[in-house]
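What follows is a set of structures for review.
Note that chain A is present in both complexes that follow, paired respectively with chain B and with chain C.
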Partner chain A sequence: MRHKFFIHSWRPALAIMIFIGIWELSARIFAIETWILPAPSVIAAEMREVLPAFLPHMFSTIKLVLIGFTFGTTIGLIMGTLFHHFDRVRETVYPFLIISQNIPIIVLAPLLLIWFGLGDTPKMIIVAMTSFFPIAVATLSGLQQTDRELLHYMKMMGASKRQLFAKLELPHALPSIFSGIKISATYSVMTGVVAEWLGAQKGIGVFMTLASSSYRTPRVFVAIIMTMLLSLTFFAMIALLERLFIRWNREEKGA
Partner chain B sequence: MKRFIQMTLIGLISVALTACGGAQPDTQNNQGTAGKSVSLFLDWTPNTNHTGIYVAKEKGFYKDAGIDVEVLLPGEVSAEQLVATGKGEFGISFQNHVTQARAQGLPVVSIAAVIQHDTSGYASPVEKGIESPKDFAGKTYGAYGSELEKSMVNFVMQQDGADVKDVNIVQLGNSDFFVATKRDIDFVSIFYGWTGIEAELRDVKLNFIKTTDYAKDYDVYSPVIVTSEKLISEDPETVQAFVEATAKGYQFAIENPAEAADILIAAEPDLNPDLVKKSQEWLSPRYQDDAPQWGIQESKRWEAFADFLFKEGIIEKEVDATQAFTNQFIENIKK
Partner chain C sequence: MTLSLKNISKSFGDRKILHNISLDMEEGEFVSLLGPSGSGKSTLFSLIGGLLVPDEGDIWLDGQVITNKSGHISYMPQQPSLFPWRTVLDNTLLGQELSGKKDLTEAKRLLEKANLGDMIGAYPHQLSGGMRQRVAFIRALLSPQPIMLLDEPFSALDAFTRLDMQKWLLETWEEYEQSILFITHDIEEALFLSDKIVILSSHPAEIKEIVHVPFGRPRDESLLLSYDFLDWKKELTEKIQNKPQVKSKIS
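Take a look at the complex of A and B:
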C-alpha cells in the first residue's frame, strides 16, 4: 500500500513543481510587484523569517480546530444515529439543522462573541457548528442504506435492535460516515481561521489580519500555505483512520 | 404536478438571476453624463467624514468640474490596494495606512487631508475606571487588527509611566464599540466625531483619552483622500478637477452643517439621522480647523509619523514622507 502511494505521488509532486516554476518565472519576467503577487521565492524567504512568530498562532488554531471538530463529529454521529432510530425526532429537528447551516459566519461570530466572550468558546462553537452537519447527514444516509435482505435475514434469526445496529447497520455505514468526516475535516481548518479573523487574540486568522492590514502580501501567502498544509495533514490523518477502521471492518466480516 | 413545480422553480430562479445581472448596467446608465467617470472607494461605511463628497455630488460640483464620481464601498479589500492597482481612481485612507502601504511599495499618494487634526482617542465606559493611559494596565484593549495599534498604545502609556506589556490585546473583528465594551473589552480606539457622538446620543458616559494629548508629535491626518502616482503623472487635470470640486463640497459642509447633514442622510437613508446631524455639527468646524485652507498637509507631521513607524519596526524601510502626500492640487485651486 505504502509502496503504491510513493509510486503514484510523483505525478502531483511534479505538477506542483511545474506550477511553482511557472509562477516564479512569470513573477520575474513580468516584474510583478510583491504587494500584488509575491514570487514563491519571496514567500519562502518570508516564511523562514516569520515562522518563529507564526508557530504560536498556528498551535492556537490547531487546538481550536481539534476541539471544535471533535465536538462537531461527536454531535454529528449522535444526531445521525438518533435520526435513524427515531423518525419523529428527525422530522422535527432536521429542518433546524439545515437552517443552522445558513447563518453567515460573518454575522454569527460577533453575536457569539457577545454571548460567550472573547475566549476560545465562540470559535469552537463555529467550527463545531459547521463540521457536525456533513457528518450527521452522511451518518443518517449511511445507516439507512443497510442491505434490506441482510436486515431481513438477521431479524429472522432473532437479532435484537442493538445487535442489528452494532453488527450490521453501523459497519455498513462506516464508508459513508467517513466521507462525511473527510468533508468536515477539509472545511474545519478554514472555518477556524475565518472565525479567528472575526475576533481573537491568537491564531492564523489574527496573523492574516495583521499581515493584510499592513499590506504584507507575502505574509498573507505564508498564512495561506500553512493553512493548506494544516488542512492536508488533517485530511491525511482522517484518511489513515478510515483505512484502519475499514480494514478492521472487512477482516471482521471475513472471519 | 412534480414537473410543473420543477419548471416553475427553474423559471423563478432564472428570473431572479437575470434581475441581479441586469441591475448593474442600469445604475450606470442613470449617471451616464458627458463627464469623465471616476470611482472613489470609501474606507468604511458612509459617515460624516465623507460629507463633503456627498455634497459635491448632490450639489453638482463634480458635474461642473466635468467629472462623474461613483462612490463605492471596498468591503474587505482596502481602498489603498484598489487605488494602487487602478481599480479605482480615488480612495479614503489614513496617514498611517498610506505610510505603511508605501513602505510595502504601493504607489498611493495623499492629495488632501479631510480633517486637519486627529480626532481619535481611547474610549471606555466610565464604569471601567480608565481615566488616563496608566489605567490601561491590567485592562483589555479591543484592536481592529493592525500592528501599529500596540505601538501607539505603548507610546501613549509610556508618556504616563506605564507599559503595554500589562495590556491584554484582543482582535475585535466585526464587533462595534458598544457591543465589545459590554463584555470582555475595556477600551477601544474610536473617532470622537462618530462613535463618541453616538455615545452621547445613547447616553453612555465615556472616558475619552485623546491620543494627541499624549502623542503630540503624532497628530496623524485621518482621514485623507488618496490617488495613485500613475494618475497624478498621467492625468493631473482629472485629479485637479476632483480635488477642486471636493474642496468646494467640504467648504459647503463647513459653512452649512445642517444642510450638509441632510444631504448625507438623503444619500444614505440607512444611517441614523440624529447621529449624522449631531456628528456633522461637531465635525464641520474641525475639517479645516486652524489650517489656512481645507485639505492642506504639513510635511513635518508626515515625517514624524514615518520615523515613528520605522523606529517601532512596523515598517522595514524608511519612507520618504515628502513623496507620500502632495499639496499641489489644493494649492492650485482657483480662488
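Take a look at the complex of A and C:
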C-alpha cells in the first residue's frame, strides 16, 4: 500500500513543485509587490518567523472546530437514525432540513452573535450546523440501503429490531456514514475559520483579518496554508479511523 | 421436534401461489420440496419462517402453532448471505448470537472439518462460492433451532462444486441429525440427499405426490451411478412431467 502511494503521488507532487516554481519565478521577474502577491520564498520566511505567534490562534481554531464538529456529528448520526426508524418524522422534518440547507449558514451568523454574544458558542453552533447535515444524509441513506438478502436472512432467523439495527443495518451503513463524516470534516475547518472573521479573540480567522487589514499579505498566505494543512490532517485522521473500523471493505464487497 | 403444515394456502392478490399444502416432518428427517423454479417454494419458506401469514391453514412445531411467529427455524438462503464485515468464524456464530449461546469450540471444529480451518479469520469476499456456502450451512447448523430450511443452497454453484457440497452436507448433517427441509429443482440432488421428496406442481403450487426414498444412510457418491438410483430418477422425472408410468415402483 505504502510504496504504491509514493509511486502514484510523484506526478501530483511534481505538478505542485512546478506550480510553486513558476510562481516564484514570475514574482521575481515581474517584481510583483509583496503586498499584492508574495513569492513562495517570502511566505516561507514569514511562516518561520510568525509561527510561534500563530500557533495559539491555530489551537483556538482546532478547539472550536473539534467541539462544533463533535456536536454536529452526534446530532447528524442521531437524526439519520431517527429518520430511518420513524417514517413520519422523516417525512415531516426532512424537507424542512433540505430547505434550511439552502440558507448559507454564514448569514445566520449575525443572528447567532446577537443571541449568544461574542464568545465561542455562536461559532461552535455554526460549525455544528454545517457538519451535521452531510452526516445525517449519509447515515440515512446508508441505513436505507441495507442489503435485501441479508435483511431477509435476519428476519427469517427471527432477529429483533434491535438486533437488526446493531448487527446488520449499522455496520452496513458504516462506509456511507464515514464518507459523510469526511465531507463534514473538511467543511467544518473551513466554516470554523470563516466564522472567526465575524469576531473572536483568537483563531486563524482573526489572524487572517488582522493580517489582511494591515496589508501583510504573506501572513494571509501563511494562514491559508495552515488552514489547508489542518483540513487535510483532519481528513486523514478520519480516513485512518475509517480503515480501522471498516477492514472488510477494502476490495469488493463480500457475498 | 416435528414440523407440520396443515392445509396451507396463500394468494397474492388474485394469484394463488400455494394451494392446500399439508406436510409432516419427523425428527431428524431430510425432506426435499421438488418443483419448478417460481412455483412458490420460497413463499412456503417465508410462511414457515413467520414472515408471511397463510390465508388458510396453520403451521405446527412440536404441538405448538407457530403460524406468523418468527425465530423457530434456522435458515440457509439461496445466496450465502454472509455478512461482509464479519470474519468466517463470526459469521458462523451469528445464528447463535441472535438466539442462544455462542459455542466457539464447536464452530471451530465444524470449520476445521469443512477444510476452512485456515480461513477462520478471513472475510467472505476472500472465499470461493463453495466455501461461502459451507460457511452459510455451518451457520444454519449451529443455530439453536431444531429445523433447518435450505432454499436451493447449491443452485448457483458449478456441477463439480455442487456434488462436493452435497457429499459434504450429508456427512456433516448425518452427525448432527437436525431436520432439514430442502428446496430444490434438481431431481438428482433431491434423490441423493432426502428421505422424503415432496413433488410440487406450479400455479398454484400443490402437492402432487410425496415419495419416500428407499436408500439407506450413510450415502456416498457411488449411489449416484447405481441402476437403482437411475431408475428412481427416471420415475421421478416422469412424475414431474406427468407422463404415464411404465412400471410403478413407487407406490
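The definition used in the following text is that the second predicted complex is superposed on the first by the 238 of 255 C-alpha atoms of A that agree within 3 Å, B and C clash if a C-alpha of one lies under 4 Å from a C-alpha of the other, contacts with A are read in each partner's own complex, and residues count from 1 in each chain.
Convention: a contact is a pair of C-beta atoms (placed from the backbone, for glycine too) under 8 Å apart; a residue touches a chain by one contact, two chains touch by 3 or more.
These numbers were taken from a predicted model, which means no experiment stands behind them.
**Student:** Just checking: does A:L118 make contact with chain B only, chain C only, both, or neither of them? Give me first, second, both or neither.
**Tutor:** In the superposition, A:L118 contacts chain B only.
**Student:** For A:Q201 in the superposed arrangement: first (chain B), second (chain C), both or neither?
**Tutor:** In the superposition, A:Q201 touches chain B alone.
**Student:** Looking at A:A159 after the superposition, I want to know if it touches chain B, chain C, both of them or none. Which is it: first, second, both, neither?
**Tutor:** The second partner, chain C, only.
**Student:** Kindly classify A:L168 by the partners it touches after superposition: chain B alone (first), chain C alone (second), both, or neither?
**Tutor:** Second partner only.
**Student:** Just chain B (first), just chain C (second), both, or neither: which does A:L150 touch?
**Tutor:** Touch partner of A:L150: chain C, not chain B.
**Student:** Considering the complex alone, what residue numbers of chain A touch chain B?
**Tutor:** These residues of chain A touch chain B: 33-36, 106-107, 109-110, 113-114, 117-118, 196-201, 206, 209-210, 212-217.
**Student:** Mind pulling up the chain C residues that touch chain A in the complex?
**Tutor:** That would be residues 45-46, 49-51, 70-75, 77, 79-86, 94-95, 97-99, 123-125, 127, 129, 132, 143, 149 of chain C.
**Student:** So in the complex, the part of chain B that touches chain A is made up of which residues?
**Tutor:** 78, 80-81, 84-85, 100-101, 103-106, 140, 144-148, 168-175, 179-180, 182-185, 314-315
**Student:** Help me check something: in the complex, which residues belonging to chain A touch chain C?
**Tutor:** Of all residues in chain A, those touching chain C are 147, 149-150, 152-159, 163, 167-168, 171-172, 174, 246-249, 251-255.
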